[in-house]
Structures are given as C-alpha cells and as structure tokens.
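Here's a structure for you.
Residue numbering begins at 1 within each chain, and the chains themselves are lettered A, B, C, D and E in the order written.
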Amino acid sequence: MKTSLDRHSGGSLLLQSTRTKRRNAAETRFKLYGIAAIAISLLMLMVLLTTIISKGLGAYQQTFITLQVELLEKKLDKKGNRNLTDIKKVSTFGYAPLIKASITDTVEELGVVTGLKAKQMAGILSKGAAAQLRDYVIANPGRIGDTVQFRFLASSRVDGYLKGRVSRSSIENDKNITPEQLDLVDSLIDAGLIEKTFNIDFIVGADASDQRPEAAGMGVSILGSLSMVLVVLALALPIGVGASIYLEEFAPKNWVTDVIEVNISNLAAVPSIVFGILGLAVFINYMHLPMSAPLVGGLVLTLMTLPTIIISTRAALSAVPPSIRDAALGVGASPMQTVFHHVLPLAAPGILTGTIIGLAQALGETAPLLLIGMVGFVASNAPDSIASGLLSPNSAMPAQIYEWAKRADPAFYERAWGGIILLLLFLVSMNLVAVILRRRFERRW
Amino acid sequence: MPTFWLVACLFLMSAAGFVLGRYRAVLSAGGEVRKLHSLPSYYGYNVALSTLLPALAALALWSILQPLVIDARVSGKISTDLNSDNTSAELMMSDVQRVSEGLNIAVARNEMTNEEIRVMDADAVDLRGRLADLGIALGSEVRPEILTAARQHRDMTHSGRLMMTIVVVLLAIVGFARSYGLTDKDFRARNVVERCVFALLALAASLAILTTVGIVFSMLFETISFFGLHSWKDFFLGTTWAPNFRGDSELSILPLLWGTIYISLIALLVAVPIGLYAAIYLSEYASSSTRSFAKPLLEILAGIPTIVYGLFALLTVGPMLVRIFGRGTEGLLGLTWMTGATSVLTAGLVMGIMLIPFVSSLSDDIINAVPQSMRDASLGLGATKSETVRQVVIPAALPGIVGAVLLAASRAIGETMIVVMGAGAIAKFSTNPLESMTTITTRIVSQLTGDTDFASPETLVAFALGLSLFVLTLGLNILALAIVRTYREQYD
Amino acid sequence: MNDMTLTERNVDTKDIKIAASNVQVHYGETHAIKDVNVSIEDKTVTAFIGPSGCGKSTFLRCLNRMNDTIQTCSIKGKILLDGEDIYDKRVDVVQLRAKVGMVFQKPNPFPKSIYDNVAYGPKIHGLARGKSELDEIVEKALRRAAIWEEVKDRLNAPGTGLSGGQQQRLCIARAVATEPEVLLMDEPCSALDPIATAQVEELIDELRQRFSVVIVTHSMQQAARVSQKTAFFHLGSLVEFGETGQIFTNPNDPRTESYITGRIG
Amino acid sequence: AVARDQVQVAGSSTVLPYASIVAEAFGENFDFPTPVVESGGSSAGLKRFCEGVGENTIDVANASRRIKTKEIEKCAENGVTDIIEVQIGYDGIVFASDIQGNAFEFTPTDWFLALSDQVLVDGELVANSAKTWADVNAAFPAQPIQAYIPGTKHGTREVFEDKVILAGCEATGAFDVLLDQASGDTAKAKKKAAEKACISLRTDGLSVDIDGDYTETLARIESNKNGIGVFGLAFYENNTDKLQTATMSGVVPSTETIATGEYPVSRPLFFYVKKAHIGVIPGLKEYTEFFVADEVAGPDGPLAEYGLVADPELEKTQESVSDEVVMGGNS
Amino acid sequence: MNDMTLTERNVDTKDIKIAASNVQVHYGETHAIKDVNVSIEDKTVTAFIGPSGCGKSTFLRCLNRMNDTIQTCSIKGKILLDGEDIYDKRVDVVQLRAKVGMVFQKPNPFPKSIYDNVAYGPKIHGLARGKSELDEIVEKALRRAAIWEEVKDRLNAPGTGLSGGQQQRLCIARAVATEPEVLLMDEPCSALDPIATAQVEELIDELRQRFSVVIVTHSMQQAARVSQKTAFFHLGSLVEFGETGQIFTNPNDPRTESYITGRIG
C-alpha cells in the first residue's frame, strides 16, 4: 500500500508524476498515430486524386473543325428519287469524297498553300465524320444537293496537338499525321475554323472504336452502371439487411446458422471473377438471361456485394446494446417490431457504411463483367427505356475505363482518366445521400 | 403491356385488401382498437399479402413456365415437321419467337390484322421486309413452316396469357376472400404477417447458401476435368508454377498460395493499423465536423478503380521503392535488393491503402456504438483516453472490428489489378518482399482470359484454383468464427 | 400430478393471476432459482424482497419471459397466467408481455425523445386513435409516474439526457402507458427521492385497484407500505411467502426474521 | 425470353480492336444494331463459342490462334458442329524500346542468349550469366538486359517462343545439345523435351512476364528506360512518339514486310462463325461478309490503316465466307 | 475578488479538500447548476441530498471533470482541489481522476471478467508490482465492497452477468481499488439490501479515516448515518450546506426542512 500512498503525496495536479508523464506521453503518441493515420490516408487520397484529375481533365475538352459540305446528289442519290432505301445503300465509304472535296475547297478559299493531297487533308478530321454526314443525310434526305455547315470532330492527333499532348517532334515517326497536316491545322485555327470546346459528348456519348478516340464517350456506360447500381441497390440492400437481421436477431444458434454465417464471410473472400463464372453459368447458361445485359451484371454484382453489406450490418446490429431490446420487448413489442423500430435505426450508420463500401466496390468492378460479356466494345446504342436499359447490351463505367486504358492510341489514355473522374463523381454523388443519412442516424447512448 | 397492367391490378387489389381488412378488423372489435389482437394495420397487411403473394407467385411461375411449355410444344412440332435434330430446332425457335413477336407488334401498330395473319402465305408476302420496316430484324426469309409455327406460337401464347390472367386474378380473389373471412378481432394478424416477414428474412439469409452451391457447381465440373488431365499431386504438392502453351506444364498452387498470403499480409499490415488508428481518431478524438468530412473522404479510397491503384503501384510506388532499395550507389540506401518496380511490397503497400476505408469506416461505426457509460467508467478511474480506447472500447467493439478486418482480408485475397501491376506475374517461393510474386486470384483471371486452349489443363487450372481458394478461405473463416466466439464481450 | 392439482386450484380460486410452480432457472452452470412456487393474486401488490443477488430479478423476468432474451438462461417449471402456461409453445410472447409489463432494474430509456419513449407502447398496441389521444395518454402516463412537471417543456429532448431518477420514472411511465394487467417493477424507486417515491407508491396503489403489481424492493419499509403479499427470496430459494403483515411481524422462517432484522444479507 | 437481335462476338483482345472497328462501321452502314464485341481472350471466347447453339451463346469467336482439335471436339460434344473459319490477316510482333534509348538490330540468337536460362558455352550448357546486351553480342551497347515479354497466357508468347527463342536455340546449336541430353522414348518425345528446355527462360528478374496488355508493357518501359518490350505492330504504330522498334534479322517490321513474310515474327488472326446461327441471328451473315470485304479488310481499308497486316489471300476468304464453307470441308 | 478571498481561506484552513465557488453548469440551454459554492473537507463524508433531477449528479461529475465527456455540457466557475483549480488548462485530467474517483449512478461494469473489472484501475496506475500483489488488491477491494463472498468462485465470469446490486458493488470495488483521495459515490447503495448497504456504509466510514468521500443519496437516514456534512440541492441551487446534524435537526432554509420532512420533491 505504501506505493499508492506515495503516489498521492505527490500533490499538485499541475505537476505530473513521472508515471503520469509517461502515460500522457503514450496518450499523445496514440493520438498522433491517429492523426498520422488520417493524414497518410488523406495524403494518399490527394495524390491519387491529383493524378486522376491532372491526367483526366483533358478529356473534357474537344477540338472541332467547322466545314461546309456540299451534299452532292450524284453521289448520294444517283436515282434522284429520294428513296430512303437507295440512300441507305451508300455506305460511309461513299461519303468520304464529299469530305475530301469540302476540305480542299475550304483550303483553296482560305488561300492556304499546302502540298497535301485531299486524302491527307481529310486526315485531320475524325474517321467518324463520314458517319456523321450519312446520319444527317438519312435524317434529312430533303437536303441532298444543298451545302450544309457541319461541325466535325478533329482527329485525335489534331486534338492532342491543340491540347499540347502532340508536338511536332513527337510525331516524327507517326504515320497517322505529318507536320504538313499540322501546318494546315495552324492555318485553320487562324481562320477560326478549328476550336476547342467543352466536350459534352464525352459525358453523354457512346464508346467508339479504336480508330476514333476523339468520338468515344462514357454516356452509355454511365447508363449501364446506373442500371446495375439500381439493381444492386434494389436487391443487395434489402436482402443483405434481411439476411443480417435474420442471422443476428432471429436465427436459432445452431449449426445451420453457423454454416450460413461461415458461408457469408467466405463469399466475401471469393475473387470477383468467380462471381462472373457463376453469373455466366447460372444467369446466362441456365436461366437464359440475355448476354452483356446490365441486369445480369447487376445480379452478379449483387451477389458480390451481399457479403460486404451483411458483414457490416451484422456488426452494426450486434453493437446495439441488449438493454434497448429489453426495453422494447418489455413494453410488449414483438421481436420483429423491436428490430425494425429500435435496433435497425440504431444500426443504420453501420449499414449505410457497408452499403457505401459495397457499392463502391460494385461500381468499380470489372472482372466479373468480363465473363458475362460487358467488357469490350459493347454499346454504341443508348438504351431507350428502362427495360432496354436493363436488358440490352451495355458496358459499365469501370469496364469502359479498363478497355480504354488498354487501347493503343494515347488519346484513349486521357479519356480513361477522364472516365475515372466521372466514375468518382458518380460514386461521390451516390454516397452523398448515404453520408447525410448516416449523420442523421448517428447517436451515442 | 398486359403483364404490367395485371401486376398493377394485383397491387390495386392488395391495396384495397389492406383498407378492407383493416376496416373489417376495426369493425369486428366494435371500433375498439384495443380489443384487437394486433394493430389494425396488421390485419390490413395480412389481407393485402394474402391477396398479393400467392397471385404474384403464380404469375411469376406461369410467366417462366409458359414460354418453356409453349416452346417445347412448338419446337417439338417443328423438329418433326422439318425433320431436324434438337439443337437446330431450338435455334429455329428463336426465329419463330421473333416472327411471332414481330406479328404482335405489327398488329399492335395496326400494320396487320389478325385476319391477315391467319391467311398469310409465307412465300407470297415479303414478311422479312415488312417486319424489318417495323424494326424487327430477321436472319433470313421466313419459311412457311416457321410462319405456321409462329402462328401457333402466337395463338398458344394468347390463350396461355388469358388463362394466366384468369388464374392469377382468381388466386388473388381467393386469397383475399380467405384472409378477409379470417379477419376477426381475435385473429393473430401480427403473428401471421411477422411469420411472413420472418420467412422472407430466412430466405434472404439462405441466399448465401444458394450462392455457394452455385459457385461450387459452376466450377466443380471443370475442376474435375482438370484433375483428369493433370495430376493432383503436382497441383497440391508441387513447388513450381509454370504454365506452358505446349502443355506438360507444372501447375502447383503452393507458390501462388504463398504469394497470396504474403501480399495480403503486407496489405493488412498497412491497412489494419492505419485504418484502425484512423477509426479511433475519428470516433474518439476528432470533432464531429472533422469526422463528418474525413470519413466520407476516406471512403473515396474504396471507390477509386483498382486500375488506378495498379498504375499508381507501377508508376509511383514501385520506382520509389527501387530508389530506396535498389539502384545500388545511386539509390538512397545504397542497396541493391530490388531489381524491378514490381514486388510484393509494392503491391502490398498500395493494396493496403485501398483497404484503409474497409477497416476505418466499419470500425468507426462499431467503436461509435460502444456505450458512453463504458468510456465513463474507465475515464472515471483515471484512465487516459488511449488506455480507455485500447483496453475498454476496442475489446468491446472487437467482434465488429474483426469483421471489418476479415472483410479487408477477403478483399485483399480477391484483388487482381493491383497485384498484376504491382507484384508482377512470377510465381515463386521467396521471403524477400522486394521480389515479384503473384497470387491465386490473378492466376485465375489470367488463365481464364488468356489465349490457351480452353480444354487444356492450363485453362482449366483456373477452376481448380478457384475451388481450392474457396475451400481454403472457408477453413480460415471457420477458424475466425471460432476465435471471435471466444473473445466476444457483451455489454449492455 | 403436481401440475394437475395446481391447475385445478387455479380454476376454483379465481383471483390468482399468476401461479408459478417448481420454477428452476439456470444461467449456464449457475443455479439462480431453485424450485420456487408462488401465486400472484389479482388486484394485489406483491413484494419480492431478499438480499442482493438472491434471484429476485431473475424470477421477475421469468414472469413475462424476458429471460428468453438471455441465451445462457434456461427455465424449468410451470408458470400460469390466468390458468394458461406462459411457456407453452402456442403462447404469443408478445401478447404476454403486453399483458405483463415490466420496469427494469437499470433504467433503459430508448435513445429517442421523451415523448416517443412513452408513446411507443401505446402506438404498437393501438391504444390511441389519433395524435391528440396519444398526447393525452403520454401526458397521463408521465403524470402518473410523477415526472410530467419536470419534462413537460422538453418532451422532444432525448430520454437519455435525463437524470438517473428521471430516467427511472420515465421507464415507469413507459410501462404504465401500455396499461398492462400485471406490472412487474424491479426496484422502481431505487433512484428516487422520498417524495417521488411516495408518488410512485401512490401510483402502485392506484394500479392495484384494477391490476396486479409485483415489486422488487430493498426497502422493508416500502414493502410494508405498499404490498399486501411479500415473498422473501434467499440464495435462489423462496423462503417464505405470505401476507405482508405476517411476514414482517411474525415470520415463520428464521432466515426471514434474520433478514428483516438485518442479520443476514 | 426475348429474341436477341444483335450479333454477339467474343474472344481475343488482339482481334478486339479490328472487330470493334468493323462492328462500328457495320452499325453505321446497316440497319442492324451494332454487334457486341466482348474481350476476354481467345480461350474464353472459344469456350463460350463452344458452349452450344442457341440464342444465349455467342455467334462469333475471335481468336489470335487457330482453333485446336481438342476444342473442336468439345464444340462438337455441345452440338456446335458447323464452324466457319475466317482468317482476317496477320498481327505483327515487334520489339520496341524507349525512343530516347539505344537502337538495336536483333537476331533470334541474341534473344536466346539474353533470356534463356541455359546457354551453350564451349559446347557445355551453363547457366546464363549475361547481364548486359553487350555480354550477348559485342556489337550491342552495354545496356542492362531488361526484357518485358508477354506472359504465358498471351498467344504472342507462343509466337515469341517459336519464332525467336526456339529459332535462336537452334541457331546457337544449343538445341542439338539439348536433344542429345533429352530423355524420351520416341524421337518425337525427345524433340518435345528439347524444345521445352530451349524455351525455359531465366527467372532472375531480367526477363519479366507481362500479364496485362501492351499499355502495361509501355508503362514498364516508361518506368525503366532500359527495358525492351514485345508489342503488337498496331500498338507500336500508335505510340511512335514513345517507342522505337528494333529490326529482326535485319528486317524493319511493317505491314509490308510482314505481308511478304520477310519479317519473321507474326501470327495469323481468325474469327469463327457458327453456321447454325446464320439466318437466325439478324445481321450475322452480313457482318461476316462486311468484315472481309475489300473496303474493310483490304490493304487500303481501315483495318490495315490501324495496323492489321492484310491477308494476301483475302479473296479466297471472301469466297468461302459467302459460300459458308465450314471447317472439315463437308457440307 | 471573491476568488481571492476563497483561495486565501483555502490556504489557511488546511483541511478543505475541494472548494467549489460560483459553479454554473449548462446542458445546452438547460441551466442545471446555478451558482453553487461548496467546500468539501478532507477526511470527511459529505452527503449531497435533494430531489431527483436537482443536479446532484451533475455537480458530482464536475468535481472530477467527468462532465467533460458530455458535449453539450459547459461549466463556469472555479473548483479547487487542494488549492489548485481543476479546470486550469495545465491540469492533468488523468491525474485528477486518479485522485478523485467515482462510482456512477448506473452501475457500468466493463464487459470483462469480474477480476479484470477490479484490476483495471490498479493496472493502469501501476499499483501492483506483480500478479500476486494484484490478486491481493482485487480481493481486498471486493471484500471492502462486500461482494467477495458472492463472486470469489466466478472471478472470471463477465461482470455484466451479475445482478443489479452485485454490479453496483463491483463498481464500488473497482473505484476503491485505485485508492483515490476523494471518492465520489453517486447513490452507491440504491440497489443494495440493508445488510449490503450497512457494509458499504462501513466502508465509507473506513475510507473517511484517510480520505474524503462525497456521497449522493436519497435516503435521509443514510445521509444522517454516514455523513458529517450535508449539502441540500434544489432545482440546481445549493440551498443549504452544513453539519449533517444541524441540517437534519435544525435546517436554516424552509426548503430544506420541507424536503427533509417530505413535503417538497
């Protein structure tokens, strides 16, 4: 007992005993670890975000070339009867000469001297220009024969030139563009025919093939991801919370429950691609759901997200003190009412956290989509209804990003990062709701 | 959209059932709600559910079965008509379906009449062209047999639909009548409704079992054929992983397993302390405003696509580590321990960062849920905050924290992109964290998405790896469950 | 056959509300209640007294099956409420608990507003037809639990932000609001000052007019004041059960006497 | 089940860019919806191709190699019998390094000496100890060896092994030594064992398998300027600002030199069509024909422009496509 | 200037342990303690009495700064312990709380074993040199809190599995084990039977030999029995503070008298 008396004889509260000093030092250290942990995490986040933003921001600008094109009747409608079937027979290859003619005319008009051939001059335009023309003609067959002003996408090299990604030295060996073409671009810029504007098509447009990075957009895949997230939310949240409630609150404590419990935590460790294998086997081969459909993607991601939601929900449920349950049961609430009226609201922050993390995971996952056909060159047709949004082939944002990151043209690289920005924005806006909800439910007792 | 309307109708009926059931219950108690066994709304729910659920189930079942039955019958007919085997009959069925669907659309748009269809002669009419105008593309011209079958298909579908509507509505009415009849002040409506909810909850939980069964079955057969082609001894006991196009590869899981464990371990060594300290700081020290912005920010880490982490590992972390541990005299430490940017450490560090929010956010919620009285008790004894956290709060929150860590570990085991880009693709046994290694998961992905012969062991091994990993993690989870059980602390 | 006679007796003595026979409770290995037989009469206040840890709360929780929530707890024996075995499989526990209300030893308000704390029971039991009726019920309950004056201006403040005694009274109000037929109160006045205690005792007396009340108390005076019957528990056994007057003035068992006179604890 | 109305394609990621260029143009020029082209590798594509016949199976499988007999058997087991094989051209494989670095003129021998785990020194097989390219060939600069070669999952790896390492092995004479040492009952087995020994590469980190795609190889070279990587010709042609190619046996890789067969390292690309689906899946036949049309797959078409080495025998392919000639010849 | 005189007084009257002057406590808007001045003498038992909700616990919690943990709580005024302001920024709260121990109104055992509950304090303060010494301290504390006999066979059982009164005594044992100079006890006997109460009162008396004890109680008898000084709180104000004998026999304030005789609450 002497020791403890010594301790008290120390006296002043302002003077810390050596032991207290030591303990307070430990306390300070502990707190510092916490601050350091947060700081490291936030620092990493900042590094990642700056990388993403600095690399991806370029995708939100795009270069356009304005040209007057004469829609020659003899090329587009030889019979001259404006029969749509006949007009459609002219393929995009047939439109190329119009573009060539248009650009040579423009160059002539401007008085630019260049040694380029017409085809090379047209090379500064996107390969999608012909398709753009054809779509216009099919939509407005009446304008055949007129001269119409078009705003064409510039090719990715020209776009890169305006953005500083491509320089005259970097294209020395490039067979896709020549310094003469860049000279032409310079003079067109001077003439005000080339301009860089905000790239709304990147946000709303569809994917394009490897030859047209300038035309590729995330829009359709955003819809694909949205459909999948809706499926995941609509299924994983209720099922996950339901399963957790069952396991945590109602299940008899026997081996069956143990089996389910172990199963769920095991499913969390299953590599996501295995869920793809499962999805292919069950949903496509067995249940004959359509391939490449966001519905199937959503189902697969639901199965993948469930363990995350269940594990976090269960942890949150079990953290609610039993005395709360007693109180409710004591006034004659049924166990079901107890759970839904008292326990669940108190566990809501944990459930929402699980949902946020689960959704983040689902939203960023590519591997399982690979096997059910959502990765690749998937949608260039935007879905037109909710049903087709779920059932017609589509890709997803991470799959799109992943595909772009693999493509050869460096312009896709920029777009991949731009897509990541969109993905994160999508995620953040989705989480915002959950975060606000979570704050409302948070309380201590 | 008749199904849509049918469903809408069912919901309407069920809503009406709710109101009526409720009303009748209140009536049976003479307006005295207290005399009822359950709250009036439970009677309402009871009637509503009895009206809705059986009918909806029947509708779902019918919608699944009807096309199967009709397809079977029509295709049976085609295959006898055309004298072809089963598979092509099945394909033919798609054409039949497409034609029949096209005819339906045509009728709906008033382009054709039912009469016209009945007398239509496939050879005489350019059906393909007409349907193409309606946006229904067909692969080839419509043959007469197909048209006949399509007509039959349409008719059967029509009558089937009619029957279904009758059955479904009838079921709804029966369900309604029965439950409405049962509604009485002594009827235990709450118990019935809750049993219903209970069944749904149990169903939700058993989905996990179904998923597991699905996973096992979707990999089992391929795994079996793998072991038919490759010796299990080499797979489980060998020490080399060297797939080869020429066949005759050495495919052993052990080096991959080692890599998996090593990389996950490093990732957890990064994520768990950082995540846990972050969680503790957020829930115990930080002001609520700091907490409310820092926590969601950390959660963004979980949402960044793994390909970004992969590139981060490859382009930033890897070279940085090389600068520290490699490069010899040019480097920071004058060491030459590291040759390439890819290593276990690179992947582990980066993966650890990704996993931080898994640990931090979940733990933060759980720590926050520990009752304040526990903290008060400890602080009242003169404990510092950190002592309180370490010795009282964390132990009380342990089951939840373990759950979070397990989740992070699971994610680490299942991660691919970071490993591919950060750790490399070489499978080997080594204890040096600065060397390249690889994991089971990445090998599954890579063998599955490669260019090898799909019937060869080199591809099939992916399934064997998947299944083995599944069994392995199952074992680990059983262990974890047992451990958590022993250390569980229950506060109140 | 013991059961037989018990049931029979229940049938003719109409005023026995709860009859417990041969109740045994185990917490895992611990034998907490040993073969207890007690009859709680209707419209009576029964007091359970006994040293701390003797099993009063445990037995009380048996009476509305709150012990079901404790996993390690197992119960043997028979407890009849109005002649029906409450441990019968067909019994609706929820209904039982609505009939047999409970105030716990440790005050456990919901982390909700004071109003919601009290209104919860009436809401789930459908005791109020509308908002105004609910308001009335809440006010009445709070008044009966002698806490209305203190909280009437802060009905929307959280119940967990009350003082210990206020929480205790809030829990009493919550239990009373559902109008149970039997009210089990585990030391309801332990954190209350004499005046509040008196008010709660008044409430108990008022409740007795229509219902049964079982109260656990450590205060002999309180037991003597409010109860008509007293049960004395010791080390898990029911030592003596009888008229309160008789127990306090003329106990049969020497242990009872020792306890009342303050010699064993 | 709603009937599917678009062509569904899956398979090799090497063919993917070409297929997507075709699919895009197809969607623009026809009234059929744009076909879906999935990636996932030749193996996965063929596997799904062979899963059976019907709506819920794919119509076309892209492959960067010829379908194997074992796979055809598996296909037949599942009822996929009439398969149309279409060769679309060649994929050139080039060796490229950082544009700022040294230029190389390789022969297969150089690569064998640099990467093999055993080399022949004075008639004896010894562990490879070369650290710099100068150790391999005195004509080369003393740049440390760091090779990024395709991982074993890539079809390119097989070509690399066959056309470079094995060729180098034979040229150095190591093959003969290995053949002598090889154990095996038959000559064939012996040859196989020797080949296997030839292509076993060093594992000391100087040769790194890349499991990802060419972007990853490029990223590796960016982070290690000494690296030399294996790329597809198309990929190189889009990244000429960062990469320079090495010659192989004196030939500069280009679509022309590959088409003539001068440049040795290349491989044919294919796609496979289910005949049973033609006529059922709208647009399948049209897609197939469009793919091999002159204006698309010809030497002046967009595919060649992107880097595909056009097949000199395209005309024959067009014919067999329009006649729906299946593999195995009958029907 | 008020402070000045007070501090001076502290300096010469050596036996004043805690001097609180002009203490004001707010919970958000609620004014819970209004301008309270109290001096707690050394080696004395001071009783706080007053109706439920009057601020006893709040004031008690001020004395070892436990109110710091409640976010809405703000404190004004000065509280000196041995002449040092405990709300001084330089004060080490940990040391303060080690000196001024506390038993809370609601028993709050840790979800650990009984042994660990008691050993926790001694461990963090380094009071034991080894396992056996720790065992001794634990046993002694449990004995002093009159619970040893009941738990000695289940020291490894969780503290949360005890009965209400047992938990309360466990918390007393836990507080005593750290040997604080001042022990604040918030209704330590509320869940205890008379015998256990007597034992705890004995403990208080024993502690008084060396330390100060502040006890909140609702039992006038208990206050009269154990305390030398009594403070009567009413609606957040300190109404009267003085010798226990004087307060109970001859209160100065009419409110005190009303409370003691049971007229206000």
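What we mean here is this: a contact is a pair of C-beta atoms (placed from the backbone, for glycine too) under 8 Å apart; a residue touches a chain by one contact, two chains touch by 3 or more.
These numbers come from a predicted model, not from an experiment.
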Per Cα centroids, the chain farthest from chain C: D
Chain pair with the most C-beta contacts: A-B
Chain nearest the overall C-alpha centroid of the shown protein atoms: B
Distance-maximising chain from chain B - centres being C-alpha averages: E
Intercentroid distance (Cα basis), chain D paired with chain C, Å: 82
Whole-Å separation of chain centres (CA-atom averages), chain D against chain E: 82
Between chain E and chain A, distance of the C-alpha-averaged centres to the nearest whole Å: 59
Geometric centre distance via CA averages, chain C-chain B, whole Å: 48
Residues of chain C touching at least two other chains: 94-95, 106, 124-125
In chain A, residues with contacts to at least two other chains: 23-24, 27, 280, 322-323, 334, 346, 370-371, 405, 445
Where chain B touches two or more other chains, by residue: 190, 371-372, 384, 387, 448-449, 490-492
Chain pairs that touch, as defined at the top of this document: A-B, A-C, A-D, A-E, B-C, B-D, B-E, C-E
Complex contact set, residues of chain C against chain B: 92, 94-95, 124-127, 129
Touching residues (chain side chain A, partner chain B) in the complex: 23-24, 26-27, 29-31, 33-38, 40-42, 44-45, 47-49, 51-52, 238-240, 242-243, 245-247, 250-251, 258-275, 277-278, 280-282, 303, 306-308, 310-312, 314-316, 318-323, 334, 336, 346-347, 349-350, 353-354, 356-357, 360-361, 363-364, 366-367, 370-371, 398, 401-402, 405, 416, 420, 423-424, 427-428, 431, 435, 439, 442, 444-445
Touch list for chain A against partner chain C, complex: 253, 322-335, 337, 341-342, 346, 443, 445
Chain B residues touching chain A - in the complex, by the definition given at the top: 190, 194, 197-198, 200-209, 211-212, 214-215, 217-219, 273-278, 280-282, 284-286, 292, 294-309, 312, 316, 353, 356-358, 360-362, 364-366, 368-372, 384-387, 389-390, 397, 399-400, 403-404, 406-407, 409-411, 413-414, 416-417, 440-441, 444-445, 448-449, 463, 466, 469-470, 473-474, 476-478, 480-481, 490-492
Contacting residues of chain A [partner chain E, same complex]: 1, 3-4, 7-8, 11-14, 16-17, 19-20, 23-24, 27
